[in-house]
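So, here come the structures, one by one.
Both complexes below contain chain A, partnered by chain B and then by chain C.
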Partner chain A sequence: MNGFVTGFLGDWIGAIPVFAAPYLLATTGLIINERAGVMNLGAEGIMSMGAVAAVIAMLSGLGLPMAVLMGCLAALGMTLLFALLTVVLRLEQVLSGLVIFAFGVGLSGVIGDSFANQPIKALGPIYPAAFTGLPRWLARFTDQDPLTYFAFILPFIVWWVLEKTELGLRLRSVGENAPAADAAGVNVMLMRLGAVLVGGIILGLAGAHLSLVGSQVWVTGMVSGRGWIAVALVTFARWNTLRAIGAAVLFGAVQAVIPLLLSSGLHVPIYLIQMMPYLATIAVLAASGMGRLRASAQPEDLARPFLREERR
Partner chain B sequence: MPYRLVLSPRLAVPRWLTAATLIGGIVFGLICCAIFLIAFGVPASDLGNEFILYVFGNSAGLDQTLTRAISLTLVSMSVALCLRIRFWNIGVEGQLWMGALAATAVSIYQIGPWFLRMPLMIVAAMVGGALWCGLAAVAKVRLRADEVITTLLLNYVAYLLAQDLLYGHWRNAADQFPMTPVFPKYEQLPNFGTWHLHYGLFIALIVVVFCWWLCRYSRFGLLSKAVSENRTASRALGIPVARITLTTACLAGAVSGLAGFSIISGEEHKLTQFVGNDFIFPSIAIAYLGRANPIGVFIAALAVAGLYTAGDSLKAFYQLPDTVVVTMEAFLLMTVAACDVFVRYRISILRQRPKVATEGQKA
Partner chain C sequence: MTVTTTDRAGPAAEHRLPASSGAVAVRMQSVRKAFGDRIALDGADLSVAWGEVHALLGENGAGKSSLMNILAGFYGADSGVVEVDGRSVAFAEPRAASAAGIGMIHQHFKLVGPLTVLENLRLACGKRAGWTSHEAALSASQTMARDLGFVLPMDVRVDQLSVSEQQKVEILKVLLGGARILIMDEPTAVLAESEAAGMLDLARRLADDGRAVILITHKLRDVSATADRVTVMRAGKTVIDGASARGLSSAELARAMVGGETAVVRRGAASLSAQVVLELKGVGTAAAEHDVPLRDLNLRLHKGEILGVAGLGGNGQSELLETIIGLRAPIAGDIIMHGETAPVQPAERREAGLRFVPADRFHLGLFGSLSLAENLAVPALSGRRPEKRWWVTKGWMRGRAETSIRDYEIAGGVADTQARLLSGGNAQKLILAREFEGEFSILIVHSPVRGLDVRAAAAVQNRLLAAAARGVGVLMISEDLDEVLALSSRVAVLSHGRLSDAMPIEQTDRAELGRLILEGH
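For the complex of A and B:
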C-alpha cells in the first residue's frame, strides 16, 4: 500500500495542481464575465493567444515576469475585440464568442508558427527547500510555482469581491437584471466592459500557465478544448468561484491521470483514454442541468445584450 | 463627455441597407485580410493574382474550389438548419467523422451485396451523423445541457474514436500509415472526367434543393420558424418544440454525415486522418454569411471554398501555416457581423444637453 501511495497515486496527486490551475484560472475569469451577464465563448481563443504570447516572450529572452505579462496583454487585446463586438455593438454573444474563438486559435497558429515546438525554460517551484521534511508526494503537491499558487488564491479574492463588496453587488445586479441596474444608476456598459476585460486578463494567465508551466513549449492548437471545458465548468460550479476550486481539481485529476496511464507501461487504448476529460465534461454538464439548483444560480440576464432604447 | 453615442433600434429595415451592409462588411473584411497577409510577408501585387485568377480562373483552381465546396456546403447546411431554430451546432466535424466512420464500417465489414453497398454507405453515414447530433439535442431537451458545449466537445470524442480505429482495428495491414485499405471501385463516387470533382456535387445540390423546399414550403419549416421566433409562445400554442428541436438536430447531423461520406468515397477513397479537418468555424461562418438560407449558404460555401484554394497556394508559396485561412474567415465574419449593427440600429452621436432644472425642482 505504501509503495502504491508513493508510486502511482503519489505521482497522480502531486501532478494535480499543475493540471487544475489553468482550469481554475479560466473558470474564475469566466465566472466574472458571466456574473456580469456576458457569456464569453471565446475563452479557447483568448487562452491560445495568452499561451503563444508567453512562449514568444520567453523565446525572445524577455524573462518570466515579462512572459506572463505578455500573455495577459495578448489576451487583453483579444478581449477588447470581444468587448467591442458584444458590449459596444451588442452583437449576439454566442456568435461573437465563436468569432473570437476562431480568431484566437487561428492567429495564435499564424504568429506562433516559427516559435512552435521549441522547448523553453520551465517556470518551476519557488521554495524547493521549504517542503523537504514532508513525504515526497506531499512535497510535490504543495511545492508549486507562483502562477499555480496564485490560481488557488484568486478564487477567494474574486469570491470576496463579488459577494461582499458594493462593486460586486453592482456587477451581479448587471448580470441579474440589467434594466433594473440601469434604472438604479449603475452604468451597465462600463460594468460589463470591466468584467469582460478583467476576465480576459485572467484567461490570459490561464493560457500562460498552460505553456509556461504545463507543456513548456508552444504547439499549434495546444489548448485543445480546455477553454470550452472551462465554459462548462462555470455551470458545474454554479457560478461560484469557491465551488470552481473543487470542479477544477476534479478535472485536473482527470487530466493528470492521462500521462501517467500512458507512461505506466500498462496496455491501454491511448485515444480512448484521452476522451476522458471531454466525456466527463458532458457528463457533469448534463448532471448539473437537471436540478433546480442550476436555475437559481444562473444569472438571469446571461447572454442578453442590454440597450436602454430597446424593448425587452 | 459632451458627446454620446446612441443606438436606437430600427423598426423597418430598407432592403438596400441590408444589401449594402453585407457588401460593405465583406469588402471591409477582405481589406483586413489583405492587410493581414501583407503583414505576414505576401507581396501586395500578388494578392489579386492569388485570389481571383487562380481560384476561379484556371481549371485546376476551379476543380479544387468546387470539390471543396461540396463538403463545405453540406456541413454549413447542417449548421444553417440548426441556426433556424436557434440551436448552435458547433459539432459538424464530429458528425462528419461519425458519418465517415459508419460508412467505412459498411465497407470494411462488407455489409450487403456489392450493388447495394454505396446506398448502404450513404444511409449509414446519415445515421451516424444524426445520432451524434441527436445526442446533443437530447441532452439539451431532457437535461438542459448547453448544446454549444456538448456539440463542440463531441467533436473531440469522435476524432479520438476515429484515431483509435485508424491506429487499431481498421488500419491497413499492408502499410504502416494510419489509414484503411482503398475502397473497391463500386464504393467510390465517380469523378467528372479527369477532374478531382466527383458526383458528391449532386448530393450537395439535392440537399440544397431539399432544404430550400423544407424551409420555404413545408409545414415543418413553418413550425420551426415559429420555434425560432419565440420558444415559450410556440410551446403555449401547442407546437411540439422538443420534437422539432430533435428532428432538426438529427436532420442536420445526417447532412454532416453525408459530408463525411462524400469525402471518403469521393476524395480520399479510404478513411484517413485528414477526413474531418477544419470544418467547425468555416461552417458557422458560411451559415451566417448565407443568412441561414439554403441558397445563400450554397453561394457562401462556393466563395469560402475559393478562400481555401487561395489559402493552399499561399501556404505553398509563402510558407504560411494552416491556420491562416481560419484567421481570414474570422476577419470576414467579424466585419460582416459588426456591420449588422447598422441594420439593426440607427446610430447617432448626440451632443449632451446641459442639465436643465425640471418642473419638479422648480416647485
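For the complex of A and C:
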C-alpha cells in the first residue's frame, strides 16, 4: 500500500496542480465574462494565441516574464476583436465566439508553424528547498511554479471582488439585468468591455501556462479542447470561482492520470484513455443539468446584447 | 387591507401648494421621436411646475412612456426642446438625467432580481450618496424607508419580494439618489386598490415637499384624486397641455384621451346552459419553489357563461391557467373537456377547442421578435388549416394579418412590425385576434385588461362577452374585482390554491367576495 502511495498515486497527486491550473485560469476568466453577461465561446482560440505567443517569446530569447506577458498580450489582441464584435457592435455572442475560436486556432497554427516542436526551457518550481522535509508526493504537490500558484490564488481574489466590492456589484448587475443597471447609472458597455478584456488576459495566462509549464513546447492544436471544457466548467462551477477550484482539480486529476495510464503498460486502447476528459465533461454537464441548480445561478442577461433604445 | 373603494373626492382633494411652488421644473416642447418607421411622438408638449402632481394621461401607445423616457435619458429625442429648471438639456444617458435630479419609477421595474434590496440601492445611488461602507448604506436606506413609512427587509433578494414591495424599492432608489423630479409610470397599475390609494398619497406628499411629480396614468380616477394639473396625449401629440385637473370632468378627459365616443361594456344575459364544456375534478398540482400548488380544485364551466375566478395575485392563478391548458400536469384529479378526459398535449387540447389568453403577454403569448403576421400564423401552422395548403407564404400570412389588424383595431403596427414594438393594449388585441380564430368552445383568460386603457379594455371585454354569447364557455381569472363583477355570470374565489364553489353573481356582492378573497374559505 505504501509503495502504491509513493508510486502511482504519489505521481498522480503530485501532477494534479499543473494539469488543473490551465482549467482553473480559463474557468476563472470565463466566469468574469459571463457574470457581466458575455458568453465567450472563443476561449479555445484565445488560449491558443496565448500559448503560441509565449513559446515564440521564449524561443526568441525574451525570458520567462516577457514570455508570460507576450502570451497575455496576444490573447488580449484576440479578445479586443471579440469585444468589438459583441460589446461594441452588439453582434450575436455565440456566433462571434465561434468566429474567434476558429480564427484564434488557425492563426496560432500559422504563426507558430516555424516554432513548432522545439522544446523550451520550462517554467519550473521556485522553492524546491522549502519542501524537502515533506513526503515526496506532498512535496511534489505543493512545490509549484509561480503561474500555478497564481492560478490557485486568483479565484479567491476574483470571488472577493465580485461578491464584496462596489465594482463587483456593478459587474454582476450588468450580467443579471443590463437595462436595470443602465437605469441605475452603470455604464453597461464599459463594464462589459472591461470584463471581457480582463477575462481575455486570464485566458491568455491559461494558454501560456499550457505551453510554458505543461508541455514546454508548441504543438499545433495543443490546446485540444481545453477552452471548450472550461466553458462547460463555468456551468459546473455555477458561476462561482471558488467552486471552479474544485471543478478544475477534478479535471486536472482526470488529465493527470492519462500519461500515467499510458506509461503503466495497461492494455487499454489509447483512444479510450484520451477520451476521458471529454467524457467527464459530458458527465459533469449532465450532473449540473439535474436539479434546478443551473437555473438559479446563471446570470439572467447572459449572451443578450444590450441596446438602450431597443424595446423588449 | 380592505377591498372597499376609497372615496377620495371632496375635502381630501383640496390640496395646498407649498410657497416655493409655481416655478417651472420641466418644459418639453414639440418633441418628436421615431423608432424606425414607427412614429412614437410628434408634437408632444409638457410643462410641469415644482410642488405639483402633474398627471400625464393617454391611451396605450399614446406616447406617454416614450416622452418620459426621453426626459429620463433613456431615449434621445429626434427634435424638440427639453428644459429642466430653465436650462436646455439633452441627456445622453440615464446617469446624466439622474444627476440633474430626474428619477423615473418604471412600470416594468428596473431592479436586478438576484441582488438584495440593499445591493440594488447601493448599485443605483451608492456613489452619489457617498456611502463608504455597508453600514452607512444600510442606515441611510433604513432611515429613508422609515420616513416614507415603508416596511422593507434590506437583505432579501429583490425577486422574492411582492410587486408592491419591489415598487417601494424603486421609489427608495430614486429618492436616495436625490431625485427632485419624479416620474411615476403607471404606479397604480400593478397594485391592489388599497395599496394604490397609499401610493397616490405618497405622490401627494412628495409633491408637497416641493418636488415635481409626474404621474403617468390612464386611470381617470387617479387624476381626479391626486393631480393638480393634467396633460393629455393622443397618438404622440399633446391635446390638453397642463389644464387644471379640477376644471375638467372625467367625461371631458376621456373624450380628449380617446378622441371620439367612449366605449361602453355590454353585459351579457345570465342564463346557464346545462351543457358543461370543461370540468376539473379534485385537481391538485405538485408543490414547488415559487409555486402555489392547487389543492382539490373542482370547477364546472358551462356553455356560454363567463365564470369569474376572483382572488389576489399569487394564490394559484398562473398554476390554474397552466394546468388547464396542459403546460402543467396535475398529480391528482381529472380534467374533462366536453365529457371526455382531456388529451395530454397542449396542441391536442387546442385542437379540441381550447383557447387561452395568458396574463404575461410576452411570456406565454407572443413571440416578441416575430412580426405580427408570423405571430398570427403560428397556431394555424400546426392545426388543420381550412385552406388545405401545405406551404406558407409571406403573402398568405400578410393577407390574414391585415384582416386581423383591421378587425381588432391593432394600432401602432403593420403586418411586418415586430410584436415586441406594440404597446400593452395592442399586444393584447393581437393575442385575441389569434386566439379567436377558427372554432373554439372553451376560452381561458387571465387578467385580460391588466395595463390596458379605457377603450382597449372595453374592446377586449366586449370580445369576451360576444364569445360567451356565441356559446363559448369563458373562464376569466382576474385579480380585478370590478372586472369580475362587471362581466361574470357566476363567480368563484381562488385562495391559497383552493377554489370556492361558484356563486351566481346576483346572489353575492362585493363585501362577501372581498371577505372570501382576504380570509379564504
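The working rule: the second predicted complex is superposed on the first by the 312 of 312 C-alpha atoms of A that agree within 3 Å, B and C clash if a C-alpha of one lies under 4 Å from a C-alpha of the other, contacts with A are read in each partner's own complex, and residues count from 1 in each chain.
The rule is simple: a contact is a pair of C-beta atoms (placed from the backbone, for glycine too) under 8 Å apart; a residue touches a chain by one contact, two chains touch by 3 or more.
Owing to the predicted nature of the structure, the values given are computational and were not obtained by experimental measurement.
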In the superposition, chain B vs chain C on chain A residues touched: B
Which superposed partner A:A232 touches (first chain B, second chain C, both, neither): first
First, second, both or neither for A:Q274, with chain B first and chain C second: first
Partner chain(s) touched by A:L107 [first = chain B, second = chain C, both, neither]: first
Partner chain(s) touched by A:A253 [first = chain B, second = chain C, both, neither]: neither
Partner chain in contact with A:M66 - chain B first, chain C second, else both or neither: neither
Which of chain B and chain C A:L138 touches, first, second, both or neither: neither
Those residues of chain A which chain B touches in one complex and chain C touches in the other: 309, 311
Residue ranges of chain A touching chain C (in the complex, touch as defined): 166, 169-170, 172-173, 176-177, 179-187, 292, 300, 308-309, 311-312
Contacting residues of chain A [partner chain B, same complex]: 41, 81, 84-85, 89-91, 94-96, 98-99, 101-103, 105-110, 113, 220, 224-225, 228-229, 231-232, 235, 269-272, 274-275, 278-279, 281-282, 285-287, 289-290, 294, 307, 309-311
Chain B - residues contacting chain A, complex: 6-9, 40, 88, 90, 139, 143-146, 148-150, 152-154, 156-157, 160-161, 163-164, 167-168, 281, 284-285, 288, 320-331, 333-334, 337-338, 340-341, 344-345
For the chain C and chain A complex, residues of the former touching the latter: 35, 74-76, 93-95, 98, 104, 106, 109-115, 119-120, 122-128, 173, 289, 368, 420-421
